[in-house]
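What follows is subunit A paired twice: with subunit B in the first complex and subunit C in the second.
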Partner chain A sequence: MRTALLFVGRLLARWEVLLVIAIVGVGIWSATLSPFFFVRANLLDLLTPYAFIGLMAFGLAFVVIAGEIDISVASILAVSVVCFSQFYDAGLNVWLALVAGLAVATGLGCINGVLVGIFDLPSLAITLGTLAAYQGLAYVILPGEGVAAFPESVTKFGGGYVHIELPIALLVLISFAVVLGFVLHATRFGRYLYTIGSNREAARFAGIPVARVRVTVFALSGFMAGIAGVVYVGYFGSARADAGQGSLLDVVTAVVLGGVDIFGGSGSMLGVFLALVLVAELRNGMQLANIAGDTQNIVIGVLLLTAIVLGNLTRAIQARGLPSIPRRKGVIGNATASAGLAIEPETEVKGR
Partner chain B sequence: MSRRRLRFGGLAICLVFAVALVTALTATAGREAAGHKGQNYKIFLVPKLIGVNVFTENGKGAKEAAKELGDTVIYNGPTEAVAAKQVPFINTAAQQQADAIIISANDPNAVAPALKRAAARGAKIVSYDGDVARDARTIFVSPPSASAIGQFQVEWLGSQIGYRGEIAILSATPTAANQNTWIKFMKAALKKPKYRGMKLVKIAYGNDNPTDSAKETQALLQGYPNLKGIISPTTVGVAAAAQVLQQERKCNAVALTGLGLPNEMRKYIKAGCAKKVGLWNERDFGYLAAYVAHYVLDGKLTGKIGQSFKAGRLGMRTVVVSDGNRPVVVLGDPLVFTKANVDKYNF
Partner chain C sequence: MNGARRLNAESLAAAAFRLRELGVLVALGVAVLFFAIRATNFLTIDNWQDIAKDVAIVVVVGIGETMVILTRNIDLSVASIVGLSAFVTADTLAAHNDAPLVLVALLAMGVGTVLGLVNGLLVTVGRVPAIIATLATLAIYRGLAFQVTNGEAISAFRLPDNFLNIAASKPLGLPTLAWIALGVAFVGAAILRWAPWARDFFAIGSNPDAARVAGIHTGRRVVIAFVMCGALSGLGGFMWASRYPTVDAVSATDFELDVITAVVIGGVNVFGGSGSVLGVVLGAVLVATIQNGFTLLHLSEFWKLFFNGFAIVVAVAINALVTHRLQDALRRRRRAQVLATRHMEAEA
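Our next item is the complex of A and B:
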């Protein structure tokens, strides 16, 4: 009996489980608010307008787990999108233009990475600077009205549907969640991130190539902003210098609500994905009930605050009540991965 | 131990608040959900952003029209003027089986795919204020034409200074398309015999920023001691210029006109620092857009040039051609705010 209770307690203390409960709860609430919510087309289309935000959040999650922050992602998206459109407008093959746009995004992420990882500068200040600089760059590259005529072969990734109702953007989003989830939770690179995020000095002593990993993580974040840009262009059918503007808050919300510790060292891809679902569902439900946009913001804000308070609580429960899980900072969401970590890096060192 | 208890207590309070808030919101929201009966159309109005008086007035005007026509207007939109944030509102309007969507777009192209999807599900699309890509809507309801806005401002200034003397224009940025179009029509008007005595000496740019606009106004006053009047076709510029004139006690020496919001300009209009400031009637704007949407749904308006209809208290309106063969319904002449009428408007 006691073990059963303990099991339930441990399950409830897992952040992803709480998110699923919240998603179900909000779903029921939304269905009572509006008869249009619980309709297959609506449910399938729930995430499409937020797919580009999710893709940026996936990249940002890597950075935050490594103990850094990248607030320039929306600006990288803008530069990537305008580069893509300008290359295409200049007559380049659309796929080449797309790859070039992704390369630019990765390069801009790399610049962040070099400044933070190699010159050891604070990521908040650096990416605040590049946030402004990249945004300006986007306006320099494409001032004015922007480009709107892209071939369907590319726009389908953001705005296309399989069998009329299944949005391709949703498939793209889930694919990246799975692949990045694998990288984060099942590869050596992923384990390095948790170690660096928990204690950078210790990671260095353990022989982890800290600088290289940190540069890579920012490059990955830039690349994901580029991918988000492709979906953005597809869904909105428009490439302008102000693309992605105003989305940073939503990206950070998805990461924090997803249970990624803002101080680094813990978090899971599943959590970020579920958080995105929760926010999209909540917004959709309130919009279907025609609740005013400003009231929606209050609800999302309260949700975020509740998440932070609850996150603290689950961490406290895990640290106190469950001796099988190590007593260390930030175990929400990824108890098993973090627990494994405590030993992993050492075996790594021994192997050399 | 006590710290632990404190943490639980805090959490409990937070949760209670959250639940209370959510319940309160649900209660108010439930009442707004309106049914669709007979010929009563369900029309969604999506402004560029909400919480701004101009758009609130549009919404009130549209609701006024809806009441006369027996329709329902639902006014909702994002809190930031971002196209990507308008799209979910378009999607959910379509999901609610909207009969029509009226939109002022933040980006003419970015909202187009969503509007086309909504149209495919049976919604009619009418744009107003900020137009959308041509193939994504039936009709655009436009503010007063650029030529009217340009000419009227010259008249408003001329009538204050006896149609003679040096004048200047305080614009926004040198690249702002609407500003440059209006200035072009002002220059054309100044060539007419009636306005020949007015001499345009300088076009200054205040970047739609209060500080820059104030600096540029001061520079105009110093650089042109004989200056008789300023036209500022931007709400930011005209407010900043009025403030400078008031501070420098030049309200009687230099006349000011331009495009301004009644709420921002009221005190200057009453103090005589900007005797005539214009714009258009934002409430009528929303009212007209709702009438257009209704007649599009009735099949009376299909976007064909020359079709006409009675827009309630605004009288007859006709679909005309605008640049690029676009079907447009024009709101009418600009509206001038003076001491006598400024208190009637709230935006």
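Our next item is the complex of A and C:
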């Protein structure tokens, strides 16, 4: 009996399980709002408008696990989308234009990476700067009206369907989640990220090529913003310089709500994916309930804050001692650890 | 001997800071020279009065932001606080045309204080990292502005003349807005120089753990920094409402980038622990001058955004370089000192 309770307790303490419970709860709430919510087509389509946010969140998750932050992702998306449209407009083959757009995104990510990884500058301030710089660049490249009328072979990645009901954007999202999840949890590169995020000095002494990994991680984040741009163009059918503006809150929420430690060193791809589902479902539900976009932002912002504060509270309570449940490194943030409240030594480096 | 060395180290640090402000001054001189040659109307009194108005709001909010950054935190929500308090100001004055302006200013600062307090409590009691906390409140406060405004915009013709005069009148040739900013700058500089609780900001930013061990109530001080930043953003909102003719829910969007650019260019270390009001003022003047020059050269609005971001990156890089060099120099001195002591001991 006691072991059973312990098991249930430990299961509940897992962040992913809490997210699933929240997803079910919001689903039930949405179902009461509209009879059309629990229809297969709607459920399958739920993530389509948020696929580009998820793709950016996957890239950002890598950066955050490595102990840094990249708030310029939405601006990179804008530049990449604008470049893609300009290359295409200039008569380049659409696939070449797409690759060029991705290359630009990766290059911008590389700039972030070199400034942070090689020159050792603070990623928060640097990406705040490049957030503005890249956004300005996007407007300079394509001022005024956007570009539309892309061939269907490209827009299907954001707006197309297989067998009428299954959105291709969902397939893109899931494939990237699986591939990036594999990279994060099953490759040496992925383990490096956790080690660097936990203790950069120790990682250096352990012979990990810290600078190279940090540059790579920012380049990856830029590349994912480029991929997100492709899906974005497909979904909205047009490319404009203000593409992706205002999506930063959702991207960061997906990452942090997904259980990625904002100070680095822990987090899982599954968690980020589930958090994305929760955010998408919540926004969808609020639309059903006729709540305006800016009011939705209040809810998402409060959700983000509540998740962190609750995580910290749970950890503080656990630190005071509930002996039956083994204490683990917290779900979000290791603020208590830095505040000297964590008593046990951190012996393991892990991704949940 | 020992004392002299320590004095030396201190004067070295002081020299480095002066150098940083000097650097901004030189950049300002170059910018003025460049635009004076390239842009007509740049060196006119009218134009400089315009620049002074732009600088004023950035300085007021920037001093608040400086206090937060000094404690190794950041407040991204300032623009939303400015927008919300600007609307509250305009709304109050449109409804009560004869309301005393000081009371309205206090009301705007009150709004800012409450919002800043929420930020501070989230960071200290809730232990949410400042970047995440204020990114969330940036969206939340903006959402609140939409709730409060209800889609309404308040135009200047509904506002009383004595309020609009704050931006329009120019006693002694300087816009009233700039006089307000000057007052805030002097008080802010005095506080950061002499008030014990404000000196704690520097200690916390230099080394939070050491500050705690030294008996500083770090949590309380960080809350105060956020509250000051909120209150000054509220005052900035009051000034914003008089400066710009129409106030609505999206007023001052992205204004935080102007503020943070000015603060970082002014030499405030993004890792906390160092920075000065004089630097912030110079940084704000430099940013406003360059943006004004861009306008006169008919460059797109968007080059300004690009320039803002570029300037942040360059300023952060230069700050890091200076700090690095300074630390190196201090370390070398200390090593030499230790070696000398050892040598003396060995001889004895």
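We take it that the second predicted complex is superposed on the first by the 305 of 352 C-alpha atoms of A that agree within 3 Å, B and C clash if a C-alpha of one lies under 4 Å from a C-alpha of the other, contacts with A are read in each partner's own complex, and residues count from 1 in each chain.
By our rule, contacts are C-beta pairs under 8 Å (C-beta built on N, C-alpha and C of every residue); 3 or more make two chains touch, one makes a residue touch a chain.
Keep in mind that what you see is a predicted model, and the values were worked out from it rather than measured.
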Subunit B and subunit C placed together on subunit A: clash or fit? clash
First (subunit B), second (subunit C), both or neither touched by A:L121: second
Which of subunit B and subunit C A:E201 touches, first, second, both or neither: neither
First (subunit B), second (subunit C), both or neither touched by A:V309: both
Touching partner for A:T130 - first (subunit B), second (subunit C), both, neither: second
Touching partner for A:S238 - first (subunit B), second (subunit C), both, neither: first
Partner chain(s) touched by A:E152 [first = subunit B, second = subunit C, both, neither]: neither
Touching partner for A:M286 - first (subunit B), second (subunit C), both, neither: first
Steric overlap of subunit C with subunit B in the superposed model, located at which of 7-15, 61-69, 97-105 or 151-159: 151-159
Overlapping contact positions on subunit A, where the subunit C interface meets the subunit B interface: 143, 292, 294-295, 297-298, 302, 305, 309, 312
Parts of subunit C lying in touch with subunit A, wherever the complex brings them together: 74, 122, 126-129, 131-133, 135-140, 142-144, 146-147, 249, 257, 260-261, 264, 270-271, 300-313, 316-317, 320
Subunit B-facing residues of subunit A, complex: 29, 32-34, 36, 39, 41-42, 45, 49, 52, 143-144, 146, 148, 159, 232, 235-238, 240, 242-247, 283-284, 286-295, 297-299, 302-303, 305-306, 309-310, 312-313, 316
Interfacial residue positions of subunit B with respect to subunit A in the complex: 4, 7-8, 10-11, 14-15, 17-18, 21-22, 25-26, 29-30, 32-33, 49-51, 74, 76-80, 82-85, 87-89, 91-92, 95-97, 107, 109-113, 133, 175
Contact set on subunit A toward subunit C in their complex: 69, 71, 115, 119-122, 124-126, 128-137, 139-140, 143, 241, 248-249, 252, 256, 262-263, 292, 294-298, 300-302, 304-305, 308-309, 312, 333, 335-336, 339
